[in-house]
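Next, two complexes with chain A in common: one pairs it with chain B, the other with chain C.
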Partner chain A sequence: MAIPEYERLTWAVVHCRGVLHTAHGANLVRTLATAGMVAGKESYYYMRYDDSPERDNVPMIFYAVMGDPKVDVVLHEEVEPVGKLFDAVVVMDSSLLLHRTSQRALILDGTKEDAVLVVNTSLPPERVLEIVGERQLAHDWRGSLVNIRARTYDPEIAYPLLGALAKAWNGIRIEDIIGALELLGKGEKASVVEEAYRDAEPIRVFLRAGERALGRLELPEARGWWDLETYRAYQAAAAGARTYEERMMAMPRWEVLAPGLIEFGPTPGEKNIGFTTSFERYLRPKVDKGKCTDCKLCYHYCPDGAMGFEAIVDLNYCTGCGICAEVCPVKAITMVGEWEAEKGLREEELLTIEEALREYMY
Partner chain B sequence: MSLQPIRAPKELGSVDYYTSGHRTCAGCGPAIGYRLATKAAGPKTVLLGPTGCMYVANGHQFLTSPYAVPWFHTQLGGGGAAGIGTAAAFRALISKGKRRREEVNVLVYGGDGGFADIGYAGLSMALTYDYQRLLYILYDNESYANTGIQASSTTPWGATTTFTPTGKVKRIGNERMKKNVALTIAAHPGVRYVATSALYPPMDLANKVRKALNSGGPAFIQVLTPCPKGWFFDPKHTITLSRLAVETGAWALWEYEEGTFSLTYKPPKRRGLRDYMRMQGRFTHLSDEDIERLDRMIEEQWKLWLESDRQGRLILPWTPPPTPL
Partner chain C sequence: MSAVTARPVQTLIPKTKIWTGTRAIAEAVKIADVDVIAAYPIRPYTGVMNELARMISDGEFSAEIIVADSEHSQFEIAKHASAVGARTFVGSSGVGLLYAAEAITVTALAQLPVVALAGCRALDDPGNFGMEWNDTLVFRDFGWLVSWAKDAQEALDMTLVAYRVSEDRRVLLPHFVAVDGAAITHIASPVTPPDERIEGFLPPYKPPYPLDPEYGPVTKAQHIAPSLIGPEQRKVVDASMKRSREVIEEAWRDFSRRVERSYPPFLESAYMDDAELAIVTMGAYTKDAVYVAKKLRGRGERVGVVRLRYWRPYPAQELRESLEDVKGIAVLDFSYSFGSPDMGGAFYNELRAALCEASQKPLILDFLFAGGREPNVGHFEKAVEITKRAVKRGRPDRLVYWLTLRGEDI
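Entry: the complex of A and B
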């Protein structure tokens, strides 16, 4: 439920991927909240697993909240904020823009209309805007966008992103961020933040949501207990939900499940239509049918059942782990980047799991 | 259910009972094991499981689930009891004529927390009953991965976990030895079939599940499932690591059927343990001498495994732990 008094706070949200960006996301919101403290505000940061426990590649969310000490607002601990609240959105992996995330559905869900969007990417801003307009818009957006190649500045991507954020967003000042870095014992990163601040080029944007604007979610009327048809209709609504609120609304009502909250699962041969997992993917398999010997190893070794019996990939469920390419005895499967497969663009800022593990010293 | 062993992956069929649409990590090993096991068990199966990745990550996705057969999520310690309870209910209903006489598999798929630590007592008790088509599968990812990689009693020696981090004071992460749960289960006289399995060879798990369900009594399989998050490796290497675990001898595949022991996979020439250990981030801090010591320990153990196989009797493959005292 939307809590109106949260609108009196300043919110920043960071979208990233589990395990890949956990440390970076935490660094970013910690510095941001400390900068808020330096500026004389009361601040708080927390991690809200977009998808319950943190898992490899699964979208993850960090929040930093700041408020004037004179404004009396009770922030419920680790709440999932609902409504038009966020002033700034940071996206650490641009492939997150290509799909709906698991819980908040759209990256721009919950943002104010004049929100600042900072994306870590090597792509030109117009291509990012194109994909945001196509897939991530819940309402009109007349804010600003900064594309920054954070990894080329510093392997710790939080700090360049902070510099870019300070340039585009009037919610935080660069001096406060530098003060916060000193407080946190990260004074040596000040030059990175300043450099990114200097180079960042925010552009003003105006995107009209048009047909994609949020309307009323059509929900089925429960006709009785154990109503399979209504249950399926709820599942379809959940799969099409565009906000966190809609996701919650599309949970089947208890009459449909009762007694004992018993779920209707898929029947053998079907898949779980209420929950797709494409949000985990930044790579996707490409099958060369000419080389395929039909050994079925990729099919049996796919953890998500996304590889079909005839080696056709179901992109609604593929998480891009790469097991299929690895087990293929004739190397008929190759992994390609998600941006490259969809738009023919090469994303150089992508942090792969191999690099992430190296950063954790493994 | 056919008793013929499955030789090629093509023979296992194309219908999933644990389907797509769950939020496990990319490259999840336990999910692959679950798919293979449920596929081998077939449509007449009830799935049960104590809390763990396979239930927390799989169930209740906005009130949806990926299970195409009936399933039930039990308490963390309750996997064993839920299994016999379900099997007893089927037996009672059928004997009273309230249910059609048919063979229903009860498959309890629990993690090392659910079966090796917290639910071990319940599992041990359940295996003293005589229910048919009751199979307990322990998917062993060698840690409490769901809550963020805490050490369990099946975590191997030397591994870094959040409970046993490596550092300057204690260089070696986990100093406890991995518990071989399947060996302890083999000591239960009532259990008909005990086996260890891995995701490699490809149809090993499926064949063992079929054998276990047809064994005429309660059965147990421990399957080693690599966990990308807990073992710190690139998700694409899940199967590669299963294969290496088997080929380096770090994980012995055997079955114990009514008193007769046999190895189901004998590595023709055992690979050095280095290949397996160096692919995993959790062992990065171990020195070459540490790995050498472990390798020698496994060499000793394999002498005993091969002797057990020759005699057809179980000899405990005990060796002194590698931690210098």
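Entry: the complex of A and C
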């Protein structure tokens, strides 16, 4: 359902990971909104309230919203379903491109067709485009992409990303970003922004979405009273939804809910498809069977029950927390980047927890 | 690429900040120079306590910040600190606020001017932190003043005014500043903090009888035999609540003189002059409601918006006057009350009760946004449309609508 009031505003969205990036993401949208104010626009920024900024590595989203002085800014927090909004998308960790977002939506869901995508990565642009085309398109994308290795400029990655964003996107001017930095007492970051702006090389992109399953969910009629079979059908549809709109369609009508808000668990031997966690993971454990002494420590310590009795990882439930690798007495388990595990590519631009900033906002 | 030249800062807007509601409220607490802050994390109050902790650790101001073991202890700490003469700040939301209910009730009966943030959060359902008003509305009966902010700017201003009103000797009642969770607390929006003209607005807190031996021995909120002093004690609170009206008016008049904003004390209205239909609501979504009214005005429809700034004391007379000539009212209601009169929300039924004494009785329809799912401007337009149709026909099909519901609205 597209609503013009929201579509005519200027939106930037930042995808990042809880704790690791919370303060970096906030810095980025804060500076962007302040730059919008400097440019004379009514500006706002916020985090998505559904997300969990205090939980390690969980994907989370920040927004900056700007309205032209002649445009009424109406606020809406849960924005994905109300139209093609986002002009600019910043991704702070490229492994976010491998999975759906915290809202189980696609990164390029809810974007305008000419959206600018900025990715903090050491991967070449063609690999980023490949994965976006494969996993993240909700509709055609005729915009531009800029990859930048933010940490090589500054450990506070928001600022180089802003420089790259300003280069690729005409929605904000670099002069206004520099003005905003001064207002925010971050004047020393101006040279970082300028340097990244100078180096960034946006490329034009045209990707076709092709056949999408949009709006073709087959859901049973609600019969006016709940039953397990109908509930399970909705559960399966929600787990398989590809876009935000599909996910909303697949959430149960009230008639489908059992009294007491029961989420039905799986029958023994089956998975609970409503509770998979792969989107939380940027690392995954790799078990070296040659070294493994079958001591079962990893099995007992795994907080999510994702480590099997035979030290086989269930990737549907592994959050990549690393506890198994930590407790393994013979170091048979190592944590491997998601890109490396899935595509054989090394991502160098991952922050460590030491590089996360202290965050007061939430 | 050509060299980048920064614009000189003087040409920017130095006074305006982009602050979240939590930051804005923390700034108000700093300006009020609060002595004791009681903290226990729950979204959205967590944001305020984090900001305050940062300010204190950065040396921006000094206060005792006490992290409690639960919401109940948190409100007890504020209550007792206030009794010995400290200016206090506390806050919570959702079921946390309800857990503290015993302490909250006694704070009012002991007439201690604690100021608390009520962060309007859904009563869980585990994990639901959407915005609903019920967590705050359940405290409507106990003697707390309750004001409702529409944005971060007003949240800052209301917090300051809350201290002034609460601590006034004609009032001496605690004060909830209610802010809609997420929509105000977590969206950073333009805020202009008060300048030096604010000095003197808030005199130091001097309780008439502090619980402090230096001022002579007193007992507060002592045990009573109800037959001896029951109704009289209630009447003292009742009288304070009645007197708070004039204090609120004075405080906002003085405050408006000191900032470049003017606030009507109890009701804010937009496009109400010749309105036939009125949207009545509180809080953050007023902005969207006013936008909808403006849009519909553009099509020649006489729609206005009325917003309650105070829930306690309830501005009944102002509402009757303001809604005198309207034929239909669409209530944008974020509170439910299962089994209530006509199954409407708590906000709706209280409005109906107030208008029962009005000379003209408009049609009043409840648009219930329960469960924390966010409505958008489309829902508000639909609410006006439904109300307009009901007025045209002279009777409503039904009184209560759940516009954001998935499934049949039975």
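Annotations
Heads up, the rule we're going with is that the second predicted complex is superposed on the first by the 319 of 362 C-alpha atoms of A that agree within 3 Å, B and C clash if a C-alpha of one lies under 4 Å from a C-alpha of the other, contacts with A are read in each partner's own complex, and residues count from 1 in each chain.
Here is the rule we use: contacts are C-beta pairs under 8 Å (C-beta built on N, C-alpha and C of every residue); 3 or more make two chains touch, one makes a residue touch a chain.
Keep in mind the model is a prediction, meaning the values are calculated, not measured.
Using the contact criterion defined above for the overlaid structures, shared-chain residue A:Met251 touches chain B and also reaches chain C. More residues of chain A are touched by B (comparison of chain B with chain C). Once the two complexes are laid over each other on the shared chain, residue contacts for A:Ser102 go to chain B alone; chain C is not touched. In the superposition on chain A, A:His76 contacts chain C only, with no contact to chain B. In the superposition on chain A, contact of A:Leu129 is made with neither chain B nor chain C. By the document's definition of touching, neither partner reaches A:Ala168: not chain B, not chain C.
When the shared chain is aligned, chain B comes close enough to touch A:Leu357, but chain C does not.
In the superposition on chain A, A:Leu183 makes contact with chain C only, not with chain B.
Judged by the touch definition given at the top, the superposed model places A:Thr277 against chain B, while chain C stays out of reach.
Residues 251-252, 261, 360-362 of chain A are contacted both by chain B in one complex and by chain C in the other. Across the complex, chain C is touched by residues 1, 3, 5-6, 29-30, 33-34, 37-38, 42-47, 49, 72, 74-78, 82, 174-176, 178-179, 182-183, 190, 194, 197-198, 222, 251-256, 261, 360-362 of chain A. Across the complex, chain A is touched by residues 8-10, 12, 14-29, 31-32, 35-36, 43, 56-57, 60-69, 71, 146-148, 199, 202, 228-229, 232-240, 281-282, 284 of chain B. Interface residues of chain C, counted against chain A in their complex, comprise 1, 4-7, 9, 12-14, 16, 18, 20, 22-23, 43, 46-47, 50-51, 53-54, 125, 129-130, 181-183, 186-190, 284, 287-288, 291, 294, 373-374, 376-378, 405-408. Considering their complex, residues 18-19, 51-58, 102, 234-235, 238, 247, 250-252, 257, 261, 263, 265-277, 280-281, 294-297, 299-306, 309, 314, 316-317, 319-323, 325-327, 335, 353-354, 357, 360-362 of chain A touch chain B.
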